[in-house]
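Going in written order, the chains are labelled A, B, C, D, E and F, and every chain counts its residues from 1.
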Amino acid sequence: MKYLKELREGEKVSDVYLCKHVASAVTKNGKEYLNVILQDKSGVLDAKVWDPSSGGIGEFKSLDYIYIMGDALTFNNQIQISIKRIRIANEGEYVEADYLPVSPRDNDTMYKEVIAACDSVKNLYLNGLLKSFFVNDTDFIGKFRKSSAAKTVHHSFVGGLMQHTLAVTKLCNFYTKAYPALDHDLLITAALLHDIGKIKELSGFPENDYTDEGQLLGHIVMGCSMIEEKISRMDDFPEKLKNELLHCIVAHHGQLEFGSPKVPELIEALALNLADNTDAKLETLTEALSSTNEKGWLGFNKFLDANIRKTSDWEK
Amino acid sequence: MKYLKELREGEKVSDVYLCKHVASAVTKNGKEYLNVILQDKSGVLDAKVWDPSSGGIGEFKSLDYIYIMGDALTFNNQIQISIKRIRIANEGEYVEADYLPVSPRDNDTMYKEVIAACDSVKNLYLNGLLKSFFVNDTDFIGKFRKSSAAKTVHHSFVGGLMQHTLAVTKLCNFYTKAYPALDHDLLITAALLHDIGKIKELSGFPENDYTDEGQLLGHIVMGCSMIEEKISRMDDFPEKLKNELLHCIVAHHGQLEFGSPKVPELIEALALNLADNTDAKLETLTEALSSTNEKGWLGFNKFLDANIRKTSDWEK
Amino acid sequence: MKYLKELREGEKVSDVYLCKHVASAVTKNGKEYLNVILQDKSGVLDAKVWDPSSGGIGEFKSLDYIYIMGDALTFNNQIQISIKRIRIANEGEYVEADYLPVSPRDNDTMYKEVIAACDSVKNLYLNGLLKSFFVNDTDFIGKFRKSSAAKTVHHSFVGGLMQHTLAVTKLCNFYTKAYPALDHDLLITAALLHDIGKIKELSGFPENDYTDEGQLLGHIVMGCSMIEEKISRMDDFPEKLKNELLHCIVAHHGQLEFGSPKVPELIEALALNLADNTDAKLETLTEALSSTNEKGWLGFNKFLDANIRKTSDWEK
Amino acid sequence: MKYLKELREGEKVSDVYLCKHVASAVTKNGKEYLNVILQDKSGVLDAKVWDPSSGGIGEFKSLDYIYIMGDALTFNNQIQISIKRIRIANEGEYVEADYLPVSPRDNDTMYKEVIAACDSVKNLYLNGLLKSFFVNDTDFIGKFRKSSAAKTVHHSFVGGLMQHTLAVTKLCNFYTKAYPALDHDLLITAALLHDIGKIKELSGFPENDYTDEGQLLGHIVMGCSMIEEKISRMDDFPEKLKNELLHCIVAHHGQLEFGSPKVPELIEALALNLADNTDAKLETLTEALSSTNEKGWLGFNKFLDANIRKTSDWEK
Amino acid sequence: MKYLKELREGEKVSDVYLCKHVASAVTKNGKEYLNVILQDKSGVLDAKVWDPSSGGIGEFKSLDYIYIMGDALTFNNQIQISIKRIRIANEGEYVEADYLPVSPRDNDTMYKEVIAACDSVKNLYLNGLLKSFFVNDTDFIGKFRKSSAAKTVHHSFVGGLMQHTLAVTKLCNFYTKAYPALDHDLLITAALLHDIGKIKELSGFPENDYTDEGQLLGHIVMGCSMIEEKISRMDDFPEKLKNELLHCIVAHHGQLEFGSPKVPELIEALALNLADNTDAKLETLTEALSSTNEKGWLGFNKFLDANIRKTSDWEK
Amino acid sequence: MKYLKELREGEKVSDVYLCKHVASAVTKNGKEYLNVILQDKSGVLDAKVWDPSSGGIGEFKSLDYIYIMGDALTFNNQIQISIKRIRIANEGEYVEADYLPVSPRDNDTMYKEVIAACDSVKNLYLNGLLKSFFVNDTDFIGKFRKSSAAKTVHHSFVGGLMQHTLAVTKLCNFYTKAYPALDHDLLITAALLHDIGKIKELSGFPENDYTDEGQLLGHIVMGCSMIEEKISRMDDFPEKLKNELLHCIVAHHGQLEFGSPKVPELIEALALNLADNTDAKLETLTEALSSTNEKGWLGFNKFLDANIRKTSDWEK
């Protein structure tokens, strides 16, 4: 198939895409048309049906897979598709995986690394808690492996939550070697569990949007609740250890104004906050730099609050 | 007994007081002495044992009830007791209630008002939830009736949590009449439960200090956990209702920088935040104004971020 | 008449509306047309005259009442009127009250409640001051009863100032019962007078926009000036009472960054600030929730700095 | 007389000083003594009466002029007087002017400059307004010439308000030449009147402290009120001119968080704010640098929010 | 020639303008057209080539001087040119100076004032340093005389840097007379050099945009580097004097959040900051007020963070 | 020798210590005494000479090594030495290294790691620049190896700058493996050089205090200047590479309000800022936790803006 990102002005389009959103509108001249947002794993693209009452335009709705025919034009320096014909695609005409953004890292490999990180935790209670999530809870595992880590900004693709979790865990593991005051088992456990609330905060793909519960409570409170629920089924889990672990989750945004109801008071909570912040920012900038072929200055990045620029290539 | 607040310079002291804290120190001349903080329900007072090795000074430690003899002096414009004799008080020599600050409102009366407020909630699930706390959970009821609402600042006395909870609930009840968009049952339930986490965040009297768990997690996260635990034992409690109620708890501080991980998104959450803020501020100023016989300007109040002054008395 | 809010796509329009604003513009193809904003008490609506030189389009200007004929279309999901014919309406063809947003509360009833609140103030000086405004100053009364409480955001309708003033007064009255430290007469007087500067800060309807004086000085400074002017005509009004009252007005926004040159230093000033804030926020959210038939999440509300959502309907 | 600032350790003291404050206290050993703060125009100094019951210690109270005999000692690197004898001074024994901090500039010269600045304003209304204050209102003139511009920080001496007013006026006059968009008459009038509220915000010397009215309302609101009162007695003063002038007063602190209820919206208001800020900061630093003979770094200055240092002396 | 600012709706256009920017676009109907931004010294103007493939439209690119023929229309209340014919202008058809915004002050006159300010500095080292820039460095002088002081906001025209530098220097000179604690030579030197980094931070006209170096380092760091380079070639320049001068440069934005890595610690650094701020703000408002013929309120000014209004004209 | 930290109440003291500071004072009773601050590598301790005129008290001054005899007492729960005899120590009586706080890491080992990091940089220009500092500049190397990284807070000991530099470099090296978008050579060079300005910002031990130059300019501006000076002696160093490197130094505090005149715009600048922040915070907390034998809550840490607590010891 032809990916949306590869379409060039003037090309003919005839392929299946996911219809992320469709809505009718009216031109300045009073003529009705349809705004369609197409999606595949390379990204999204605007499309227009200028003549919705034409015979070639069948019924369809948001989140349908649709077969379209049309032309790639340029509008405001953006490629835009003018759709001439449309119909709902038949099963077998498309492979779902082609239409969702996915992590550049292999899902199975990442999951194995998660399991290895769990195994590195020797404290029996923490190890048992990790296994109750990552080994024994099939429903959880399925969602954790598929979920993104955010609606937008960074890691907003299938497997993004697992990729972010692993990156944070590896940074934390590096810290434990450089700063011996850190408790390895507590920190690695907190790193692996710090964002699990996101499997409930965000709906699955292709929507990948905030759930009602997610907007009302947020992934920090929901994550704590999930951990407490698992611990309540374990025998003799030390109360103090539970509180120290929950504190790391509660404080991992680092500051009240970033949504943590407590600031880090334990060194492991501080380390988790630093690792989370480091991966979020470096991944955001990595994604921003790789999203374009332009060299030099790329304009203002809202999340990083700065104009950003690609570094020159220097020979070694 | 003679209350600490009523002691005047030059008076002889011979009574039982709670020893809130004792520590040894050394004068500039190298002489050892004891710093003692005495407490009764009228407040606290500094005392000194200038000659700890004297025969009249028996063994004692912090939180003991002690019988003392000594003199009330003035130092830096504060009354201070110079202790000559000391011994641990015998049971029967004192009544515990005389030594702890208590709410000016009668405890039984307040509890009845709490029950009445529970009864005013007609929604079966919410009513059932309230009863599971305020009617059926004896351990909870005992702590709720005794707890303060804060370590210092406002309502820092026995019964303070119940007094604050009732004041907030009554404000919310008034709101429901003035603003019909408010759901009475949801708001009253949230008002009654909004600070229950404080029974775990603060240790009981006479210490009334932050617990380890309280410092690590805070009363918002702990309160949510307590509510979730009760709901998990109820049948068919609607998921959405649970989330709306928990959101009110989560958001009741109103802003992220005040420790709420979410800002109010429902009108009941907003109303609860306004009522909580109103009672906290008006009670703080009420307590500050009534704590002194001075007229006029009373200096800077940190919590209110203002110089405060008593209003003049105007005849009607 | 057909209210603007009730117009549906495809309907024919032929009615009188207030022309809030008219301006000429040019299409991308270089053709001139007119942008018209129509208003009635249900709200405002965009309209276009695509052919201004047509014979059916008569002369008219902003703030004229105009009779129009045309079609209701949809543009960007908003209803928009394409106007074919236009003329200035004759007197008798319309009732002015149909074209201005008005408070849902009856104006006479509200005024009676204001008078009752004045009567509840027993202090002779304060009672006299209130009467000099609300009973004896006909020009003031006329403006006070018609004015809005804001250009937008909340209470931006005829009678809005009186409705807001009453709501704040009632909250304050409730406070005086719950917090006996409050001086009833001072607080109720301050509540009734706190926003009177708005009758000068905002021009009357239908403009309801900031006046030159309003932008330069603001309603706090102007309100103080109005009160001082009245007091200067009274005999023996106590200087200290005047200052305490003025302080309540000066401090009622609660913080310097909200435009109060002083923060609340008296408990009545604090109470007034809390009541003003409570009504502003609960009314804003009430209006936002009732302005749409949509359920669930309604998007970001700038004044409340939050995504807002309608609470579910729970049976009792 | 011997100024307090010139006293050295070991010297005998026998002179009249202003008793700024006296209060009794008790030593660690329980002995009563008196804390006395002495003042003359060179500054203030701590003094102690270790034996208040001695025959040589007569009756006296705060703000009395007292004749004392005693010794200058050093305590914590500060000179401190141990007083042996004390009595209230007789009239004729002292000249009041020796006991209050005064502006380094001659009072009559400054007043002539104020009058000259008034005369430079040609607009009849503004000139008339200025004369109603600075030429015709004897009570105002007396207070204006004696008042300080602040309790502490800068210009906290007799004549300080007039000195600050002149410095701001001269800066504004310079601005009008460099920036022709400025209206000379409006700006000079606003400069001369911008801080007149301070004659009511601060009590006269020797107290020089915030008045009740000053704390409740602040000099911005009080200054506006004073100007409005004068204007109300003038014929035909243009309403718009009054509002523009009042806006300059209202906005002269430049930002809401500095206590201005409006930010500068007219260029004259902006210019006044810049001149006020410039003189306040440069005078504060000038006073801080000249208050000590030390070279180099002088520590942290709270008002300027910086460590400050004297610049080296460079030959020309 | 006809300046862009003077074009009125309906006029024919046939003149040479600078093409500041050109880019192709597509109409909603899919038709390609060109967006052109024309510039002359009176400002910039949007223009459209609706038919780029027409024979009359020759090749051209951004920053070419182009001869155009077309019509002045109105779109969204702005004049817009519809271009019918276009070709690159020949040398001799235009005078470059007509196409760039220039300071209202004469360049030679300003330069003489700069030299006079240099001469007023008597300290040999500082005088030598100033001469090494303003007298002996031809490349520097050329750029300094042509550079703007900003990309937008204020002084964004040829000669703007010199005009701003002089205005700041004159304010500083006035300060040295009013505040004798200021060292004249140090302050005037710092004033003359405070913004020299801008000749590298901004590219020359007509681009006048941030350079790569400018975005990465900023004019404060670059200016310090330029001064250090000159000083390194001088004999015996006192180290302490160099540091005091560099501190004034480093701290001239006044606060860390405005990009100064140090706040003012010397009185000359404070004075420079106040003068820089004063000229920036008064010039910004002067330019905003003179940029329109409208009276009264001009809307929100982002740099001044206020709604701004022209002051009324008052007769003298 | 007996380290200060090991002294217990009641012990006799007779050893050589560094006199960090000495100043005379006067008791409340008017008796002169000396305040002495003693230092060795275990920390500092207060000492008093109550009888300075005694025969056993010889002449000495700040920063002398002094032999003292006296008694360890307790005052305000702190050990304090009452000195009976004092004399300046003879050379040979003490080893300087015993009196300064030193890094727990071996100085030679750290220096070897620095050289290895330099060698890992393959870009010829960057490698040459690093060698010009760390291999060829003996004066620089001597200071770099001895300097602290801060006056207080963290790494405030001999070798602290090198220890911090290495920790940041290692974090950066780890980042380059996890985030391939990072340029290894640029980032490692920036990491090694980011704080070199501190060898001029802080005086050497034992003072370890801000220099005049350091207070005026700060280590960011001074570090850039040092790098520019070295580069100016190299042939053909690419201008763009210089600017990218300097940007990393300039932006390494991450935000304007932390003293960086530019925020990170390159991914290497962002990475350096994150590594610097991570090491500063984790080292600060490590030092705070290891500075006491207390378990549990340690009180409020100003730098981390949180109450901090030791994590419990959990068996593995």
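Going forward, a contact is a pair of C-beta atoms (placed from the backbone, for glycine too) under 8 Å apart; a residue touches a chain by one contact, two chains touch by 3 or more.
Just so you know, these numbers come straight off a predicted model, no measurement behind them.
Just tell me the minimum hop count from chain D to chain F, counting one hop per pair of touching chains.
1
Indicate whether more than half of the residue numbers at the chain A-chain B interface occur in both copies; give same if so and different if not.
Since more than half of the residue numbers are used by both chains, the interface counts as same.
Return the chain whose centre of C-alpha atoms lies at maximal distance from the corresponding centre of chain A.
That would be chain D.
What's the distance between the Cα centroids of chain B and chain E, rounded to whole Å?
Each chain reduced to its C-alpha mean, chain B and chain E end up 61 Å apart.
How many angstrom lie between the CA centroids of chain C and chain E, rounded to a whole number?
That gives a centre separation of 44 Å.
Between chain A and chain F, tell me the centre distance in angstrom, where each centre is the average of that chain's C-alpha atoms.
Centre-to-centre distance between chain A and chain F: 41 Å.
Counting only residues that touch at least 2 other chains, which ones in chain B make the list?
Correct list: 212, 215-216, 240, 244, 265-266, 307, 309.
Go through the chains and record each pair that touches.
A-B, A-C, A-E, A-F, B-C, B-D, B-F, C-D, C-E, D-E, D-F, E-F
If we count contacts the way the header does, which residues on chain C are in touch with chain E in the complex?
23-26, 28, 30, 32, 212, 215-216
Which residues of chain C touch chain B once you look at their complex with the stated criterion?
122-123, 167, 170-171, 174-175, 178-179, 181-183, 185-186, 238, 240-241, 244, 263-268, 270-271, 274, 277-278, 281-283, 285-286, 289-290, 304-309, 311-312, 314-316
Where on chain F is chain B touching in the complex?
The contact residues of chain F facing chain B are 27-28, 73-77, 82, 296-297, 307, 309.
In the complex, go through chain C and note every residue touching chain D.
Per the touch definition, chain C meets chain D at residues 212-213, 215-218, 220-221, 224-225, 228, 239-240, 243-244, 246-247, 250, 256-262, 265-266.
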